[in-house]
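One chain, subunit A, links the two complexes that follow: it is found with subunit B in the first and with subunit C in the second.
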Partner chain A sequence: MEIDVKHIAKLAKLDIPEAELGKMEKELSSIVAMVEKLPELTSKESLLDPQNTMQLRPDEVKPSFPREEMLKNVPETAAGCLMVPKVVE
Partner chain B sequence: MNNNFETVIGLEVHAELNTKTKIFCSCENRFGAEVNSLCCPVCMGYPGTLPVLNQQVVESAVKMGHALNCTINGVTKQDRKNYFYPDLPKAYQISQFDVPLCENGYLDILVGDETKRIGVTRIHIEEDAGKLIHDDSFDGTLCDYNRCGVPLIEIVSEPDLRSAEEAKAYLETITTILLYLGISDAKMQEGSVRCDVNVSVRPHGATEFGTRCEMKNVNSFGAVYRAILYEAERQMEVIAAGGTIRQETRRWDDAKNKSILMRSKEDAQDYRYFPDPDLLTFIVSDEKISALKASLPELPTEKTLRYVKDYNMQKVDAQLLSVSKARADFFDSAVELGGCEPKTVANWLLGDIARILNDRRIELSDTALTPQHLVEMIQMIDKGTISNTAAKTVLEEMMATDKAPQQIVEEKGLAQINDSSALVAIVEKVLADNPKAVEDYKSGKTNVAGFLVGQCMKASRGQGNPATLRDMVLAAIEKL
Partner chain C sequence: MKKLYEHSATELAAMLRAKEVSAVEITKATLGRMEEVESKVDAFLTVTAEQALQQAQQVDETIAAGKPLAPLAGIPVAIKDNICTKGVRSTCASRMLENFVPHYNATVMEKLAAQGAVLPGKLNMDEFAMGGSCENSYFKPTKNPWDTTRVPGGSSGGSAASVASCEVPLALGSDTGGSIRCPASFCGIVGLKPTYGAVSRYGLVAFASSLDQIGPFGRTVDDVALLYRAICGRDPKDATSREAALGEIEAKVKGLRLGVPKEYFGDGISAEVKTAVYGAIETLKGLGADVVEISLPSTDYALAAYYIISSAEASSNLARYDGVKYGFSGRRDGTLNDLYLSTRSEGFGAEVKRRIMLGTHVLSSGYYDAYYKRAKLLQNVIAKEFTDAFASCDLIVTPVNPTTAFKLGEKVSDPVQMYATDICTVTVNIAGLPGLSLPCGMGEGGLPIGMQLIGPKFSEARLLSVAKSYETAVGGFAVKEM
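== the complex of A and B ==
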């Protein structure tokens, strides 16, 4: 199986040095080869698990977190917001 | 517009649901709050938190599925859609990929005199992203995550729409249904309904679709209309010049009235969907699905067609009534009370009442008017107790207070005067005051009679019987 390490790195926003691409491809190939040995999933229904389902939550409001708490871990803030490097749409 | 081509359109409509809480946490779902004041570790995507699906989101989406005649998948799941953008703190959006909650439906829309059936591919539930604030007075981009986790339904149509008019009618019908079901505020101007538009063109008679372009950021009914006209024209020009259409995503700029290339197919996003391991399969029972179906109100298109059929109404009037649920409900209650013509009720609702509401920028529910009072007023006109002119005064009063029309007529002395002896003086004065009009009438311009009768009505403060007055005016002129 051929692995496009460059493409995957781009999607994952990872910088991988040119020199390591070959090694990475080898390693990823062996991982994929291992996963491919798992029993084949035959239909989309098989990704559903009706025997093991979740309970839904009633639509009742609970207090949100104080903003100062929420922003404590944020590297940079301004005007009550998180601030990230400028993005253009 | 090039007549050798037809335009093929599909719409993806995102509607925010008006549940009390967000889709995966108990933070309040509310528009317009102070930035980042409706957030918690779940909706801000902190590591180690677990989303718990809101039951009401599922019920609202199933209702919409029924309204659009979909098959409901009672056993379904949620998937992660991966992309990097700072409006999405988790770097993935929880959505649905291969098993949407609702699929294979349709919607009948009215375009001119035609009813057209538009296929609905699917409706799935997902979470909204946050809002980015781009402001030059800051060194970076600001993120407000109040909207993160607001529940959305995405309604995907088949490429069955063939003109900007059809697309607009489809979108208007969808928003009206959302309001009928009470599951969304459906305000395009506040962004609670947003739309992506897929457009392609092909020669008339072709069986294959042309290459399509997707336009993002089309955020009003008018913008949808303009964006489709622009994009179809652009594609036809490219083809006419011997070029080929490339599949791409474009941004619609409504102010500049043009679309701008965002990315081509080569750069198309690879979302790497996979089932969300934090969320298990969930089930909506057959009983629940049936109960939700039974709870649906009569929907706008059915209502319009019923009004046309049962009350012999013009389609355009029937549509004006049913486009507002409050107005249609009011009309239905009045008609049910009986004792007057449904068409007369419609005329009042779409005429004087609509004009007053429009002038004052208020809703029907902001007034004291009840179906009962409107019907009683119409009956008083039918019996000749009040004139149409006096009724307008009665209507204003009924909208302002909860007095019955009978009481208003008595208090204001608005009862119609049918007795000609009481009107003689008025007619004489009006004719004396308007010698020119009388002259005109005599020289053959008989349509000035209407003006003279109007003057008499005015002088009687709306109380004269117009038919009686007309006879009297004509008789009096003859005698002059």
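== the complex of A and C ==
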């Protein structure tokens, strides 16, 4: 099967250099070939595990982490906010 | 006489209580041993000596004050670098998180801290836990203590190598498709992948959320039980976590029905691995177990299903690395899209990109039904086959890896060949079951071979009991002298 590596890279926000496109396509194809051996299943069973229903915690207002702690790992900040390149002209 | 660093965690805990040794002495022995062998093994990414000595000092003060000690008090436990440790960088062995210092602890770290366990450092792994050899680390490959020209297995390679080389008595790792059991087997130690939901993943950097599980490594079965007991149980911060507890482990095999699935002993498994695992089955038979032949017919498809599900989930989970909130950040002189592209292209390594690409492909428009949905349906089939098998047996015995540890560099160029090493372990994650890897012999070149015990959900006590019986029967497991 043809794999449009450029299109997938765009969706995944990855820059795959022109020279590596062929190698990436070959590698993905070999993995996809493995995947194509899967049998057809027509079962309509639920995809969720009925024995492992998740237990959600109550939605309560609780203290969170201090802002200055959170911002320590942020690459670029200004006035206590995250900085990104200009999005709207 | 045994050196201090050679003692098991269980022995050290007893010595501490008998006042034969102090917690600071134990930590110094660990740090000294790390200095001695780390250059050969390369298991650690970060060493936290000062903090470890302070933690040990506190335990000694607790002892001096005559207060009761928690089971892991004063015991060094090294941690895989995808588990968040407050104030200590947690890199996932990726350039993306090279300078990431979490402002919170994973729940397992909170539990260890509450017991007074000592953190000597953070351990190497395959980047974002993707790999089976520890060679995908951005920083360095870890070496197998039994032969330093060979891989320790992965992705928790640092965890297994640090315990096997007696740098630490205990370590935590994580297992998404075999990442605890594979390195435990290659390094000749005991590793437990608990039932899905038995241990909180809060603070574990997400790879494939429906498969990931944190678990313990040790050189003895009692040590693995000791660490599992400390970390298991329900945590409101992980909605998938469940009530779980572990009582005392007693060696018990008599009357137990051992299922041996023929699909796990096929052509892909090397002769020496088969011989060793069959030998272990004979030993368990000698202890009173009954052997039942069983069949898990969908095993052949498990690997493909695993790579669809795990890559799809990884591509979603790793979308968060955008260069904005934390981690590596690319060029900021262009558009926001340029920032995303450069951050992700320069921050992720080759294997991580391959999995993101595969995951994006299988989830992309028009392919979802053909891949992801089909794999999830197959997951139900595989889980049901296990449930049916457990009607006729109490636990299942299989190999862990098809071969013993391979050479560094031997499989890096062929992803499909590398993925095939997970053939015996991925089904356990797909079905959400507990799996234990324990040594069962030596292959050519003195390389360890592991066997895998698989049980129904939340049967950790049974797995550990059988493992302990085996350990006792063979007179304990060999430790590599270095």
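Keep this in mind: the second predicted complex is superposed on the first by the 79 of 89 C-alpha atoms of A that agree within 3 Å, B and C clash if a C-alpha of one lies under 4 Å from a C-alpha of the other, contacts with A are read in each partner's own complex, and residues count from 1 in each chain.
By our rule, a contact is a pair of C-beta atoms (placed from the backbone, for glycine too) under 8 Å apart; a residue touches a chain by one contact, two chains touch by 3 or more.
Being a predicted model, the structure only gives us computed values, none of them experimental.
Of the two partner chains placed by the overlay, subunit B and subunit C both lie in contact with A:85. Looking at the shared chain after the overlay, A:72 reaches subunit C, while subunit B stays out of its contact range.
Once chain A of one complex is fitted onto chain A of the other, the partner contacts of A:39 are limited to subunit C, with no touch recorded for subunit B.
By the touch criterion defined above, A:61 lies against subunit B but remains apart from subunit C after alignment on the C-alpha atoms of chain A.
When the two complexes are overlaid on their common chain A, residue A:28 makes contact with subunit C while staying clear of subunit B.
Looking at the shared chain after the overlay, A:3 reaches subunit C, while subunit B stays out of its contact range. Residue contacts after overlaying the shared chain place A:11 against subunit B and subunit C alike.
Common to the subunit B-facing and subunit C-facing surfaces of subunit A are residues 7, 11, 13, 47, 49, 52, 54, 56-57, 65, 70, 73, 76, 82, 84-85, 87.
Touching subunit C in their complex are the following residues of subunit A: 3, 5, 7-9, 11-16, 24, 27-28, 30-32, 34-35, 37-41, 43, 45, 47, 49, 51-52, 54-57, 65, 69-70, 72-76, 82, 84-85, 87.
In the complex of the two chains, the subunit C residues touching subunit A come out as 100-101, 103-104, 196-197, 234, 236-237, 239-240, 242, 300-301, 303-305, 307-308, 315, 319, 322-327, 329, 332-342, 344-345, 348, 353-354, 356-358, 360-362, 364, 371, 373-378, 380-381, 383, 415-416, 419, 432, 457. Interface of subunit A with subunit B (complex): residues 7, 11, 13, 44, 47-50, 52-54, 56-62, 64-65, 67, 70-71, 73, 76, 78-89. Subunit B meets subunit A in the complex at residues 19-21, 26-28, 34-41, 44, 46, 52-58, 75-77, 82, 84-86, 98-99, 132-134, 138-145, 251, 270, 272, 275, 279-283.
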